[in-house]
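Structures are listed in the sections that come next.
Shared between the two complexes below is chain A, which pairs with chain B and chain C, respectively.
Presenting the complex of A and B:
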């Protein structure tokens, strides 16, 4: 009962704060439209890189362009959703440094909701749009014998992927409480993670694939399930039911990230200035 | 007089300012290393499929990746160098103080940015590059002259990089807000510098065009000079020509801005 109440309250607080940031960004409408477009173009550069590569070759790591686009679309859309919901968490380091984090602690709303909605930026819809367009292209052009489980896996991957990336953002925020200035380290996992997943697993060394499958389970955002959908063997042999494990992996990641966040919050010492 | 010393002091200040944030620098080193590893694997797959793409072999492609990671912050490829502060000073009107100084505005900011770039290269760039050299096969020259030539190319690259960003920053005199310009800087910087793919691997006529744009002076030229893929003197001439043209354009824009624009602020 109490937990559910806290969750509803957190969502409400998140909605209120996010709404405030949206209204503030809508004050300068032209600027908003331009930044949405800019955001879309910046994120599209990753895909332009892939297109440039495929202008020279027919396959990469044995995967065709529609197949790589499938990976890209899933990774970019899932990351885009997490980035929209929690992506402003990298300003947390700044708030801890200048002491304004203290203000969030005394407000009668869950801190995670406040931090998540801080500087909420609707312009990040640009990334989701761009990812979804590539995913759409991939779905119509990829050569797959669609069955019910395969169709179902597509939305499951997007949602679980977004949850896994969200867990990374929250864990990154917890890390910033300890590390402060070192906020950029989390970029290696968030932005680095989504870039990694845009390419076929066959491109990377087996140890790296093992690491992002079992240690930091990024592979469950798209690699494992997409390999099943496309009927390709996953480079490190996994049973076929692993393709359906991403919601469980996502739930476990979120639980661990929640624990890390609580530990971080408990150990917080104000700058005192 | 001691004007040379003044700009040296400004450069030293820029160096020290960035050197203060050790944890942030360490974090940057880590991030650049991770991205380098990801890129290396994708490039290896590409060059595996098409050997000698753009005239590079696999080891050269790997070298290009790590040089790119080394120069990413050094040349502020996605922005975030002196132009960020300059834009803010124009927006708030503090630029009026800079204009009062008995120093040349462009040289002042150039000196500060060179100091920043030197620190970013030594503090943030060298370690990922060394990491790459240890764990991946790279095409590094043994002759000291090649390294010296690369160093010259790097210094010229820093000047060209600053000249591009200085022009962008001055636009804020008219635009008042640098957000859109920063985005444009980021997009052009990442794409035309060859961060996504070496410029010599771009297809067809498009590939010929990107190789003569000023951004080619940033990563492509130093990389080709280091690996002996181009005549160093020709590369220096290309970089210096763009540096002169862009700095001159910056001076023109600067004089137009300071003559016609009313400084913001109370």
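Presenting the complex of A and C:
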């Protein structure tokens, strides 16, 4: 069984299972509508907080409102995509504790696809919508001399960012297999990470910025490339071509997350619970 | 042709257990959940796998299904090494976890079957045929459109069994299939399993706490305790090995001296009620007939020995034998 075949199998299984979850959520129609609405309001309030801040100050760490909105929109959209696709991986710890993880292992489908599609919820589209709206606002109001590379960089950032966050979700899930109850650790990096990236790097301490650039390469979700697009200095003295490194960083993250997942699964299969 | 279907040779499973022994201090200990087990199961056999909680039953099933990787020994199911080719094996086995449903809670029962149809890529004609047959045998017709959350425990168990069989597995593993079911549901499940085994030749391996499951279904029983295979053979033999006894409780018309009916012996008298112990391998009917002929019998009931008691006895005997052998060795030297 080749890697490509496994990928196709995984996507197929993902689609089948996600479809079942969507149908399940539709059986409680009112609840579904309410949570979609609630999700939209809550994520919207998130940006309102930034708007409120700008009603008092003219710039945040030297960045204007449209520029911060640009960061926010990129991070929220990228995170929203990853959250929609793999956001339920934090239920994995529960599945391992109650033993229902075993039932996934006897199915003829890749486990990662089954876990990723677990509790798939369309209500998460709310976050993507909100992120895209803010990003749209930023793109029309930000003061940038749009060149071809800059235009191209916007979708590249969204896709790479989504891949980086997805890798974090998968790595977090692998960690949950070892630790069994680490959903909160994972959330600190994923949800915490996106909140961090919604503010300009200049408002944070140098060490933190260095950490999210080199350790968890979250800076490559938006900070580095956005700095290039907006013509601002890079967070820490990176060379100018670093702005175009996001896809490579994302690919490396996914590869590492894949290895971590395999190791996690192997450890489960040799220790059990 | 060799019809060995499941093959275990010296299979072991060792877990590392970390125990907190103080602030930040941890002690590592190795636990042998399965300790060098060897057996084979032929195609079409129906085997009961019993033992007390924590004996290693589930660990064995998990290794057979590829959920866990053995720490040692050789294990093959249908010629496949389960932990290495888990996905390939999945098409050939069916698994029912007694206390965990794999059905979709909020969706009609039929939706779970449609998912199996697509996930296992069951050809349409075969799916339809299997579904029709399972629905008829397991009496699921009126339940197909009912959301799983509204099914009773017995209905859900039947639904789970059907889900595990849609892809025509060659072997069916059942973990406590009758736990918590009422008498009628138990009977239905057992009747179905018997038919599945005789009509379609499906190999069945079931773990249970209920001796009646074994009595009514399995020609062969394996007892595991502390990770070791204590017994492998027919159920009758288990009673002989464990020297287990059944209890006959009789209510007489009035208080009478203890009943005499060898090989049964009275173990307790309480007014007109008497408790008689007799070897489990003996027929209760013969005994009852004899007592009824000689005594004014009002009511009676038979109590089966429980598995835990039989195993405890067996275990004690083995320990004693080992001790004796040790002593004998000393005497010689």
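Methods note: the second predicted complex is superposed on the first by the 267 of 273 C-alpha atoms of A that agree within 3 Å, B and C clash if a C-alpha of one lies under 4 Å from a C-alpha of the other, contacts with A are read in each partner's own complex, and residues count from 1 in each chain.
By our rule, a residue touches a chain if its C-beta (ideal position, glycine included) is under 8 Å from a C-beta of that chain, and two chains touch if they have at least 3 such contacts.
Predicted model only: the values in this text are computed from it and were never measured.
**Q** Putting chain B and chain C on the same copy of chain A, do they fit or clash?
**A** In the superposition, chain B and chain C stay clear of each other.
**Q** Who does A:20 touch here: chain B (first), chain C (second), both, or neither?
**A** second
**Q** Look at A:185 in the shared chain and tell me whether it touches chain B only, chain C only, both, or neither; answer first, second, both or neither.
**A** First partner only, chain B.
**Q** For A:240 in the superposed arrangement: first (chain B), second (chain C), both or neither?
**A** neither
**Q** Thinking of the overlay built on chain A, is A:270 touched by chain B (first), by chain C (second), by both, or by neither?
**A** The answer is second: A:270 touches chain C but not chain B.
**Q** Quick one: name whichever of chain B and chain C touches more residues of chain A.
**A** B
**Q** With both structures superposed on the shared chain, find the angle between the C-alpha centres of chain B and chain C as seen from the C-alpha centre of chain A, to the nearest 10 degrees.
**A** 80
**Q** Quick check on the superposed pair: does A:109 touch chain B, chain C, both, or neither? Answer first, second, both or neither.
**A** The answer is second: A:109 touches chain C but not chain B.
**Q** Would you sort A:61 into first (chain B), second (chain C), both or neither based on which partner it touches?
**A** First partner only, chain B.
**Q** Once both complexes sit on top of each other, what is the least C-alpha distance from chain B to chain C, rounded to whole angstrom?
**A** Checking C-alpha atoms only, chain B sits 12 Å from chain C at its nearest point.
**Q** Find the residues of chain A that appear in the contact set with chain B and again in the contact set with chain C.
**A** Correct list for chain A: none, the interfaces share no residue.
**Q** Can you check the complex and tell me which residues of chain C touch chain A?
**A** The touching residues are 13, 15-16, 33, 59, 62, 65-69, 71, 83, 86-88, 90-91, 93, 95, 97, 100, 102, 104-107, 111, 115, 118-120, 147.
**Q** Can you name the residues of chain B that touch chain A in the complex?
**A** 21-24, 26-28, 30-31, 33-35, 37-38, 41-42, 44-46, 49-50, 53, 177, 179-180, 183-184, 186-187, 190-191, 196-197, 201-203
**Q** Quick check: in the complex, which residue numbers of chain A touch chain C?
**A** 1, 13, 16-17, 20, 23-24, 27-28, 98-100, 102-103, 105-110, 266, 269-272
**Q** Can you list the chain A residues touching chain B in their complex?
**A** Contact set of chain A toward chain B: 31, 34-35, 38-39, 41-42, 45-46, 48-49, 52-53, 55-61, 179-185, 187-189, 192, 195-196, 199-200, 202-205, 208.
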